[in-house]
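A, B, C, D, E and F are the chain letters, set down in written order, and residue numbers restart from 1 in every chain.
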Amino acid sequence: MPAGEFRHPSPPPPPPGSEEEERWVWAQIKAEARRDAEAEPALASYLYSTILSHSSLERSLSFHLGNKLCSSTLLSTLLYDLFLNIFSTDATLRSATVADLRAARFRDPACVSFSHCLLNYKGFLACQAHRVAHKLWTQSRRPLALALQSRISDVFSVDIHPAAKIGKGILFDHATGVVVGETAVIGNNVSILHHVTLGGTGKSGGDRHPKIGDGVLIGAGATILGNIKIGDGAKIGAGSVVLIDVPPRTTAILILCSVILLLNRALTILFGV
Amino acid sequence: MPAGEFRHPSPPPPPPGSEEEERWVWAQIKAEARRDAEAEPALASYLYSTILSHSSLERSLSFHLGNKLCSSTLLSTLLYDLFLNIFSTDATLRSATVADLRAARFRDPACVSFSHCLLNYKGFLACQAHRVAHKLWTQSRRPLALALQSRISDVFSVDIHPAAKIGKGILFDHATGVVVGETAVIGNNVSILHHVTLGGTGKSGGDRHPKIGDGVLIGAGATILGNIKIGDGAKIGAGSVVLIDVPPRTTAILILCSVILLLNRALTILFGV
Amino acid sequence: MPAGEFRHPSPPPPPPGSEEEERWVWAQIKAEARRDAEAEPALASYLYSTILSHSSLERSLSFHLGNKLCSSTLLSTLLYDLFLNIFSTDATLRSATVADLRAARFRDPACVSFSHCLLNYKGFLACQAHRVAHKLWTQSRRPLALALQSRISDVFSVDIHPAAKIGKGILFDHATGVVVGETAVIGNNVSILHHVTLGGTGKSGGDRHPKIGDGVLIGAGATILGNIKIGDGAKIGAGSVVLIDVPPRTTAILILCSVILLLNRALTILFGV
Amino acid sequence: MPAGEFRHPSPPPPPPGSEEEERWVWAQIKAEARRDAEAEPALASYLYSTILSHSSLERSLSFHLGNKLCSSTLLSTLLYDLFLNIFSTDATLRSATVADLRAARFRDPACVSFSHCLLNYKGFLACQAHRVAHKLWTQSRRPLALALQSRISDVFSVDIHPAAKIGKGILFDHATGVVVGETAVIGNNVSILHHVTLGGTGKSGGDRHPKIGDGVLIGAGATILGNIKIGDGAKIGAGSVVLIDVPPRTTAILILCSVILLLNRALTILFGV
Amino acid sequence: MPAGEFRHPSPPPPPPGSEEEERWVWAQIKAEARRDAEAEPALASYLYSTILSHSSLERSLSFHLGNKLCSSTLLSTLLYDLFLNIFSTDATLRSATVADLRAARFRDPACVSFSHCLLNYKGFLACQAHRVAHKLWTQSRRPLALALQSRISDVFSVDIHPAAKIGKGILFDHATGVVVGETAVIGNNVSILHHVTLGGTGKSGGDRHPKIGDGVLIGAGATILGNIKIGDGAKIGAGSVVLIDVPPRTTAILILCSVILLLNRALTILFGV
Amino acid sequence: MPAGEFRHPSPPPPPPGSEEEERWVWAQIKAEARRDAEAEPALASYLYSTILSHSSLERSLSFHLGNKLCSSTLLSTLLYDLFLNIFSTDATLRSATVADLRAARFRDPACVSFSHCLLNYKGFLACQAHRVAHKLWTQSRRPLALALQSRISDVFSVDIHPAAKIGKGILFDHATGVVVGETAVIGNNVSILHHVTLGGTGKSGGDRHPKIGDGVLIGAGATILGNIKIGDGAKIGAGSVVLIDVPPRTTAILILCSVILLLNRALTILFGV
């Protein structure tokens, strides 16, 4: 069996959200990392420092995020401490992390294992760091929340305002260029591709960003603007610009990008920079 | 009052561009940082090293940019020295910095303070670093200017050719993915969202990029290609592809993205990667 | 002659792909770096460490990539060793590198020299690192290949699945936000601008990404989805969303983005976030 | 009052070893750091990150040691975690730390404050890190204990075998070059100057290093070899070589270095390297 | 069996200096590291990156030295490359390394395993790095050799002039403060404790440093000055100052430090700084 | 001519202390570095970053010290700024630096060039950093001065109290383990070997450290204790312990280490640790 492939062990996984699931997922991650460390000595040091030397998922995640997001003026120890403290004391965050790992593992065909997501998915990592920033925001620790947002944007090219509310089971796939505004709300089990914007419409303040329902799928490069509702289960096509509400649970979607053009003259000037 | 909020002090700020404004803005920034350091000990070290330990805005900015843009082969001390030397000797750059800080503070509802912009806005930081690269370019120090462009693109995902000319009072909001070509010109008080391209059209050289007038607003993901003019005060919608001139001071804009599609069949294949 | 400009020396360069070409390009790069180091002392240390201290192109490239892609948990020495080992033993990779350098130098008017591309083009660097990740993938060293993909995505904002097959003479221009899926194939002499997606359509696995022919040009922000063919020499306009095959060697292209809108009311809500 | 000077506050400090003392010393340290940060903005960031951002002495010390002793292969987060875990769960170590701070503050005339010792005394820091290494040794975590010893020796030039037993209230003054062997024992309230060796005599194993009583003072460069006893309160002169027991509580000491030489001929060859 | 303890495997080790010995020692080191990584997850990452991910002793050693001796201006990749290149092409150096490992393992009772010495003994590491500096010196690459000497002195507090000639099977125990001058020569199987100086006598140049025979033992803090001979097998006591030849193979030694002093008055002024 | 060797150019150097000397020494250093960079590409990057990219000796020195002494909590840019500011505004410090460079170059036979000393001599570098710490001390910026002392002691194993007064033309040779107390004074043109202590005698404060006259030479490991005078031109033998005044300009010296011992029995126990 090639390294990197993942096979479900015989006993079925615990039900999603149950207490045993967190332990089960962490056990899976350690088993995957152990197998990969054995198969690839060049990666073993990395796998031990990020996963195998830790006693829990929140420690591993806090360590990994601290090292990814630190800078010469925001030290890794400070961030590690901050993340660990918040993940350790908030079971809701930990269960959201597990739901996000499931989302990547079972909804993205390119995701070969839980540890693949934990280590390598910048969308996953940006989302977990956002949850901490959001928690800080709700505690009125805003300068720290904003500093975290800035680091996430520098490192992962994912810019989520710490006030934005995000549900569980989220898949930010590829994630580069995602922008989520201050008053945006994202439901549960949402999949969002790269370059997606949940933006405002230039109003000077107040509630001005989209509300995304449960189970929504938003394609690459879609731009959704204003305080509008994307109903549960809706699908937004890649490259769409959406300015009005989309009804819940419809497969039809609203886009502002269409029509086939075959005008040679006009198109020959479209290329390059 | 929650940390991170900013209230205007009683006396009105000095007129924009006046000599006192630079001192006033710097005094505001220090006051904000002092308040935040007191409220949030975990951030105090960061605020002292980036703002409170410095005697002027250009020193603070040079330090912050040097630490953000350095790498193992381009040391922070070298970059700090370079930035400080250029900001110290060119009052025009300093006044552009102040105008950019005002632009973010007063045009972006999510911007809670001047220090928020100085510390956290990658669009602001990329723009200041570009101004230095542009200055080097005009001094025929091109390899250094290009190295700087490359670091800005790596760190902030903002790719501005050092030859591009950019006015004052610029807001690059979110900024990830912005690309500005070699012969592009951007006027004063322009707002540019993320993923915006001011690109060429594949011609082999010469003047081949857009000229953006004063007060223009360019929405997220807009692509403006070729040596065309976007008139003063024009607004370009999010996701637009613009290939021809847009008249000055019009609210109407030209886009190549439109029409509502409700064809279920076609759209079900638009999602994901 | 201003620093940074490049003049072809009198003798014509060796034929592309010939054995002498690699040596010739490396000699050019060293000559350029030597000239720039002399003209710009502030950059000399950088040029010596990345280019002039090395005895071959693959050593210089391995050093540069190792330093760019390393992190606190994936050390530069480990990556340097990995890159050098693979580039040294695979002449095909080295010849692809040279073809990519030619592509940037002669197809991008903003590229002033080979060393400019080698040092500064994140698209070039991401592509070379991808070739190593792809090689690891074909050797079933998948966890390492995926770790490399993740670092390339973090550092360059370019996300190419290590299984994707990419030809020679590739120009990823600006490159921020490029996403290339697992079963995508890219031919030779292809130019791809920033924000381009070669994505899937949400199918749960299998061959689900585009196949790009030789000599294709894909404009900024184009989104190409599904297991479709873009024929040799085709051109895809900026901002296009492409869902069906494009015939080979046609100048006509298929896009889903069009029509001119001048409705003031609709457009005033399109701006900002 | 000049910065850096320390005045005892009016209420007398709590009795040594009492429960309140730890809190009192920590309060002193924070007050000193706050005063210094105010007087010296260039140092404020350092003082906040090492002292003022922490909620307890053990957190501050763990952070400081983690950053001092880390390397590219032993990350600061790992060490921070290790130190914090051990200091948090072992009150004996914490009380020894406080006793050592008192020892420096009240026995070394050059020590101007508790924070001066905490931040700057490599002898103090090496001793605290040794206590952690010793604890690991007693838990049979020997490879980690030895790795810590090695880092302490690299960073502080203080080489204490993790098996060595060291009491409370220890002052390692200047500390460079101190060597303490595996079976050495050091009592309470001992002062040891730099270049002091508590070494073996070449025997192949077993109990082979000195036992130092309470309140002993060992001068700079003294070399004490073999399983001998230095009695309580004894004083060993600088440069001494001691090979036999020294009686307890005597002011007389045994040395092997003596006699005044005024032979010009012999001494003219003693200088330089 | 407690972690960190080492038991000889049943088959006797290959004869010293034989070709198989290098392989045997490397196999021992890997086995030790594997055992320790299993017993101590916190150290596993370190053990994998420094030992277990490498295919040979010279790769492991070059990696370890490169990371220890690098600085912000002398990068680890450069040093790694330099060390690996020299160790790979010079079998004499490799065999000296193995002999030094044996020396520590079998002559120092505190050395619990080969890997303990390879990872943690700064005297061992300084000596290996010196061998490389010496090789560079003999190749007239003097500035690089001197830069290496400087790094070794900064990092390990061991200052050996690159021109000094050092044999095999050397044990620098503890090592802090060792100084070896330009024209010094050290034979085989020599043990040198910390603070030992092999210095000159102030002459203005030429052959002015000691020549140490085979099997000599020099105690802590001994100072040996001038172009004198210490005969094979001689022993120099701790703290000695030696200015004249010591006959070969004698157990008697010459020192300039002696006599027992019991004068209370004189000695009470000897303590502290 | 082998790299690393230095020949005096034809015109004689300017008189010591003259205004032209500083320029002349800096020109020599640049010429040496240029020659070495050409001969040794592996070192060129280092030589450009530390010497050749700088416009003056004080910039080069400030850069080098900033990079050597920085830590994760005391950033290189902060230290660079501090050093540059003080060296730029105090001509006395700059002239002392030049005198120290001369001292190493002409009094140490192992010193092959001015740049050898500037780059590699930790005694020289520690002394220059001490002068800055001393200046800060006299300005009552004591916490910063003490932090600097601590970094010098960590990095160079040289511990000089910032209050100690040191003249010009000082050679700290090898330097490891040098300790200089708070009230010590060192005259001009003094040479001090490694492990030398200018310490106190345990008194609780006040003027308690040695006063060293001009032109004194102190051998390796000498320990000089108490408020005593070492007269101009005196020589202190290696390993001496000096407790009383030494008359000026005598070649005779006072030591407390003497007599030849040939007692086999006693000495066989002197070895090892």
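Here is the rule we use: a contact is a pair of C-beta atoms (placed from the backbone, for glycine too) under 8 Å apart; a residue touches a chain by one contact, two chains touch by 3 or more.
None of the values given here were measured: they were computed from a predicted structure.
Set against the C-alpha centre of subunit A, every other chain centre is closer than that of F. When each chain is reduced to the average of its Cα atoms, D sits farthest from subunit C.
Homomeric contact subunit D/subunit E: same residue numbering on both sides for under half of the interface positions.
For the pair subunit B and subunit F, the distance between mean C-alpha positions equals 47 Å. Note: centroid distance subunit D to subunit F, computed from Cα atoms, is 26 Å.
Averaged C-alpha coordinates put the centre of subunit C at 55 Å from the centre of subunit D.
Within subunit C, the positions touching two or more other chains are listed as 42, 45-46, 49, 53, 67, 72-73, 75-76, 78, 157, 174, 176-177, 179, 181, 193-195, 197, 199-200, 202, 217, 219-221, 225, 237-239, 241, 257-259, 270-273.
Subunit D contributes residues 72-73, 75 to its touches with subunit C in the complex. Taken in their complex, subunit D has these residues touching subunit B: 37, 41-42, 44-46, 48-49, 52-53. By the touch criterion stated above, subunit B contacts subunit A in their complex at residues 2-5, 36, 39-40, 42-43, 45-47, 49-50, 64, 67-68, 70, 76, 109-110, 112, 116, 119-122, 155-157, 174, 176-177, 179, 181, 193-195, 197, 199-202, 209, 217, 219-221, 225-226, 237-239, 241, 243, 257-262, 264, 267-268, 270-273. In the complex of the two chains, the subunit C residues touching subunit E come out as 45, 49, 53, 59, 63, 66-67, 73, 75-78, 80-81.
Looking at the complex, you find that subunit F touches subunit D at residues 71-74, 78, 82, 140-147, 149-150, 153-154, 157, 159, 161, 173-174, 176-177, 179, 181-182, 191, 193-195, 197, 199-200, 202-205, 208, 217, 219-221, 223, 225, 235, 237-241, 251-259, 266, 269-273.
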